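Read through the structures below before going on.
Next come two complexes built around chain A: one with chain B, the other with chain C.
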Partner chain A sequence: MTALRETWIISLAALALAFSLVAIFFATTGNSPWEVFYTLYRGAFGSWFSWQNTLVRAAPLMLTALCTVLPARVGLIVIGGEGAVVVGGLCSALVGITLQDQSPVLVITAMVLTGAITGGMWIAAVGALRYFRNVNETISSLLLNYIAIAILNFLVIGILKDPATLNNPSTHSIGEQNMIGQIGDTSIHWGLAYGIIVCVMLWILCRRSTFGFAADVVGGNIRAARLAGLPVAKVLLWCCFLGGAAAGIAGVLEVAAVHGRANSALNAGYGYAGILVAFLARQNPLAVIPYAILLGGIQASGGLLQRAHDLPDATVNVIQGIIFMVILSSEMFYGRFKWLQAKN
Partner chain B sequence: MFNEKQLVLNRRLFIQGCTAAGVGACGAMSSLSAVAAAKVTMGFIYVGPRDDYGYNQAHFEGKSALAKLDWAKAVDEENVPETIEVQKTMESMINLDGAQVLFPTSFGYFDPHILAMAKRYPEITFLHCGGLWDAQKHPKNVGSYFGYIDEPVYVAGVVAGHMSKSKKLGFIAAMPIPQVLRNINSFALGARSADPSVTVTVVFTGGWSNPVKEAESANSLIDQGADVLTCHVDSPKVVVETAEKRGVFSCGYHTNASVLAPKGFLTGAEWNWSGVYTNYAQLIRDGKPIPNLIRGGLKEGVVKVSPYGSAVSPAAKEAADAVIKQFMEGNMVVYKGPIKDNTGKEVIAAGAQHAQQDIWLESMDWLAEGVVGTTK
Partner chain C sequence: MKQESVILEAVNIGKTFGDVRALDTISLKLRAFTVHALLGENGAGKSTLVKCLMGYYRPDSGQILFNQKEEIIESPQRATRLGLGMVYQHFTLIPNMTIAENIVLSRADLPAVIDWDAEIKILQEKMAQMPFQFELRRLVRDLSVGEKQKVEITKQLLLDTKVLILDEPTSVLTPTEADEVLGKIHQLTQQQQLTVLMITHKFREVMKFADHVTVLRKGQFIGSAPVEDVNPQILSDMMVGGESLSKPPQRETLSDSKIKLNIDKLTVHNDQDLPVIQQLDLKVAQGEIVGIAGVSGNGQKQLVEVLSGQRSPQSGEIQAHGQNFLPHQNSIRQHKFFCLPEEPLKNACVGSLSVADNIVLHKFNEAPFAKWGLLRRGAIRRRAMELIQQYRVRTSGPDQPIAALSGGNVQRVVLARELAQDVSILVVSNPCFGLDFKAVADIRAQLLQARNRGAAILLLSEDLDEILEMSDRFYVISGGKLVHHTTPAQANMNTIGQYMAGH
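This part shows the complex of A and B:
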């Protein structure tokens, strides 16, 4: 709790600086920054329609962000969310197709479990390579993304292809009746609930359990953790597994809530956007929720920026890039200002 | 409750729009202002950038042609992935821009995205490029349009067959799906009609936009002796530029790529979406029913052949022009037996033929004799 005030003030100041830089960028494109900001607001949060647009995009980002957050607790920088999404989505689609005719509750449960376990194993492999073989986890997780995508394309164009999906190779459908529907009358699918629940659960695990404490010790000083007798390998691999499992569930939701089948759309960049969210949230599972919504909002208004101001699509990338750089740079101000430190 | 409210609002707006359109149509002769009030609003969605020298640019050029019409308004969005994001983009264009007709142009937008939105917004028309609208399966407010682009590809093959000295052509393709295989086969059939000793080596890159692999494939094909390259990927830019740099000929695809290769560009297959989109806009403006399935080739003006490059020999031009003439007269059939596949199996018997409209061609899964490569 003591560091909370510092976190809030530095984060807000960084966001304010980032948005001023963004305003300068808008001005250089010949647009009035105020008008563009208003469009951003209108497209992201200005109406219930925009809110739904934002929340639908935020849902997968919450889960993929956790894939970077959890390993970061033990000091690993994992960027393999994309691969875990693809693997989780593909494997869960296979289970969904096989169990098609069972009751939808069973199908969905089996799919979520499959996605979580396969996605988890995928990232646990990264952790194992790091721990037992000293392979750099950032590089191995990045390269595993390409392997996952190649496996997906190979199978979807090859033996898993539904012959009816001629020009857009995909697996067979898991069946309309097995799809996860929308929340009430909204256009938001239940994936948002999965995202929020998993974030909260992992926050409790990280902050309110001995496991979370052990993870922080391992992340802080691995030798001290060993000397203290902590099961370092176990903690490290579990953190990787849980992160991968969250991203795997994001893949399941793409299949079960959006497409109904697995195809190359699984590899749509959610894993990479999640890395951004994780760093913005400073590897705190609970802070992932608002930052995923912020990023979802920026992406949701990207279309409106193009249409209303004739800005290219790359504008959204520029905004995201500026925010990312400023927030990362703001890290160096932690612990520097006395008046921000809590008085004990 | 939001959706119902939105729908009511939309319906009301839509009825207003219809009334205005009706008034506009009735009084088109007498009152200009009524026509102006009934602007046709169309939304275009691309999977890649507007300026890719390829698939997306072709659609953007089509959309830009609408800007000249003072009674039509066109909005567009680029780089929209084939996920729930495209559904949101469609909804946003409907709700925030008042789009009456949407043109989501990428193949992967169709199922499930367009189908889901068409169910939710029954009063909006969704027209999809490349899909196959099926009266039995698909909603009435959905339609699809596409062109027989393998006709100009065949013509490019004729030119390539004439111009090649090594008799080896290279084809860089995204993936072995029917649309792509048909272009490869048409190119090979065209080239081999000019010279039966020509072979076409095909390389699949595995993705629609994979510039690094496209450049590698182009270089390796040239190293193997290919002296004319063409491609079927989202953007021909990398392939055409690599060919120019290495001093070999190239044929374009999707848009006119001659500016990328002033020396070695031969010709290419292009879309002519501006005509198609203007026709659609006119139908909507006049309140006429929109056909659910539109297909056309060179004759119907949906596709065209790029102007010949400076390197093309008079003999090649003459041969290609003769083929174009046959297409324009409607008596050219590309898939006329006997045609063998590249494993030696006869796929179209002597005397049998499959005209362009034949649905059989849209499930093609073989490569013609003379093509080096496999569909697996």
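This part shows the complex of A and C:
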């Protein structure tokens, strides 16, 4: 468990450094960093209202983070979460529209399955390109994001457009009765439960199951995996599929719990922010949950920051970008400090 | 005895890793222009000591004197500036660069712009004096272990190193090559050009080429003496401290000799898609060890890769027990077909995973290590503890990452994994590379026991003595073809040498 201590200390130190850099950024805009941080805290975690906002945003982040986490177990750096969200959301919307007169339980089940399978196939394609054709998975997953967004825009402006949606071209609605509802009388939809359950399940899969062991062997040394006769291609493609499926479900939630239809809101950046969450969590599915909440909080406070301090729209992106750079740089400190090492 | 000044001296060096006391007040005097042998078993602390001298580790206590002056060697660069150079057991060449690039790269005064044609010309001239010749523009990744070793030694010789440290320099060389290298090095010391500290376990090399010898055991200094004053018996007692060696078991002849492994017209290409094994036919029967001798780089590496599933053959078939064999987990288990490739950390282990995880690599998804698709960590750890004890692996525990173990101990873990199970067909490649003679005796005894239990063993080795000692019959491989077949009893060294050399 001492390895865990190293992770915690380095991550927290990196976050502290990142927030001091953010403070400098705030200062350059003419604001007092302390006041801005306090606003950020109020917007993210200051009240039950802001907590609800935060958690609504955290749910898709958990799922899109898994799209980077799972392929990372087999040594692939996949940044295609955005594309998988779009594909999963779009395809599930089509299923929802088609089945909308069936019972809501059936509609939701069909939509979640569709989103998971299509999102999964989308990222599995990245894995297949890597394994069979040796195409760099980071590049191909990034380019597939653009392809997915282009397909979405092409369809919602064209043949799938609901004529009633003039300003914001969208598909037809899946029907109010088929929407995933809120938890109790909060504004948090049940998507949060999906996110947490999927994170826990995949954590068990990675850490406790024989499949996770095989994935660690494939990711650690592919030659040893072949020596042991492990089905390398299968393990690799399944990891990609599961990651893509999680992101696909995030797309389903955006459609079935938030917008009720598929439109360009699907590529709102959850896929990219998920990459940041995955690296913050050091590719651990369980650690994804708190970091997704942290990032969700930063995003939730964006509006308040603008209004209270006259900060630009992109402030949230600047904060995320600074955190990402510092976290990536902090990777080089692992194994450097003796007092953090395991005492065996 | 001629007057010798001490060029490098280590005084009371101590070093602790975690709870392991790797070095306990070790002292060593290296006299100028001599060959000094450092003897000891696996984990005796030889590598740790030289890493302290080379600036890779900082000793916890003690001093290092260079030319009678205390030096803090805080980095390998400092060691290089002092004129210390080392050839490691785990090679430090960059695989994707050419031999020339590797040699020039390690020079201390690298110019901003390198005139490669001029550099190669200079290198070629200097190389004419060296014991080995290479095509300087070849990529290092295409070289075999033996060739890499030679490049490493040549690199240091070319870098004007004053004190050369060799970590098991001859473990991959044929006896003739070893004599050639060490002879050349010995000659350089006699010409007052070089001082050598050599880690070894081969008494023959100590007696023949060294001037002084120091023995370590379990991190302790045992003794130091001029070679004239010792003999192999004394050295052996100093090294093992009276522990007895594994006796080689008797060879038993099995009445029924079924063919277990049948390689049929196998053709294999290398990474550049050039044929390195052509139409190779080979049969190994129950209860026999078939050896493949040969200089490294004649297709042995690719043959082992094909048999261990790390490379696809171009054509041909591999049959186990008369059935077509594909290296999938089910068939591996069904046929009990296992491989011990060379460089186990690179080829057979996952460095980032623990010793325990590596021990169950073949069995992690079956009982008792897994149930309902979930791992049973307790059972895995218990199994690992058993094998760690049984095979005397030196580790801080089953949870230590295997990459942190010494080379010999990694080899023991892999051996424990493959031999502690019921084995029917076994492919072994250079199993004793870099191991001391006690470990070697252990491993050879284990292989013979497996043979006596009826396993079919294919042994590839660049060490001809090993082939002669271990095999029931053997082939010589050259240019990807089996060019000669004989038995150790009928072997004619002269003929074998010629076949190995490709004549």
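Definition applied: the second predicted complex is superposed on the first by the 341 of 344 C-alpha atoms of A that agree within 3 Å, B and C clash if a C-alpha of one lies under 4 Å from a C-alpha of the other, contacts with A are read in each partner's own complex, and residues count from 1 in each chain.
Here, a residue touches a chain if its C-beta (ideal position, glycine included) is under 8 Å from a C-beta of that chain, and two chains touch if they have at least 3 such contacts.
This is a predicted model, so every value here is computed, not measured.
Q: Superposed on chain A, are chain B and chain C clashing or fitting side by side?
A: Pair status: fit.
Q: Examine A:Gly158 and indicate which partner it touches, taking first as chain B and second as chain C; both and neither are also allowed.
A: In the superposition, A:Gly158 contacts chain B only.
Q: In the overlaid three-chain picture, which partner chain does A:Val217 touch, first (chain B) or second (chain C), both, or neither?
A: A:Val217 contacts chain C only, not chain B.
Q: When the two structures are overlaid on chain A, which partner does A:Pro312 contact: first (chain B), second (chain C), both, or neither?
A: The answer is first: A:Pro312 touches chain B but not chain C.
Q: Can A:Phe324 be said to touch chain B (first), chain C (second), both, or neither?
A: neither
Q: A:Phe19 contacts which: chain B (first), chain C (second), both, neither?
A: Touch status of A:Phe19: no partner.
Q: Now for A:Ser209: first (chain B), second (chain C), both, or neither, which partner does it touch?
A: Only chain C is touched by A:Ser209; chain B is not.
Q: Now for A:Ala268: first (chain B), second (chain C), both, or neither, which partner does it touch?
A: Only chain B is touched by A:Ala268; chain C is not.
Q: For A:Phe333, select first, second, both or neither according to whether it touches chain B, chain C, the two together, or no partner.
A: neither
Q: Counting residues of chain A in contact, which comes out ahead: chain B or chain C?
A: Tallying touched residues of chain A, the top partner is B.
Q: Between the centres of chain B and chain C, viewed from chain A's Cα centre, what angle do you get? Round it to the nearest 10 degrees, please.
A: 140
Q: Report the closest approach of chain B and chain C over their C-alpha atoms in the superposed model, as a whole number of Å.
A: Superposed model gives a least chain B-chain C C-alpha distance of 39 Å.
Q: State which residues of chain A lie in both footprints, the one left by chain B and the one left by chain C.
A: None.
Q: Show which residues of chain B lie in contact with chain A when the two form their complex.
A: It comes out as residues 1-4, 6, 49, 75-85, 87-89, 91-93, 95-97, 107-108, 110-112, 120, 130, 175-179, 206-207, 362-363, 376.
Q: Mind listing the chain A positions that touch chain C in their complex?
A: Spelled out, the residues of chain A in touch with chain C are 204, 208-214, 216-217, 220-221, 223-231, 343-344.
Q: Can you tell me which positions in chain A touch chain B when the two form their complex?
A: 43, 48-49, 52-53, 56-57, 150, 153, 157-158, 165-169, 185-187, 189, 254, 258-260, 263-265, 268-269, 299-300, 303-304, 306-307, 312-313
Q: Flag every residue of chain C that touches chain A in the complex, lowest number first.
A: Those in contact with chain A are residues 18-19, 308-310, 327-332, 339, 341, 346-353, 357, 361-362, 364-365, 370, 373-375, 396-397, 399-400.
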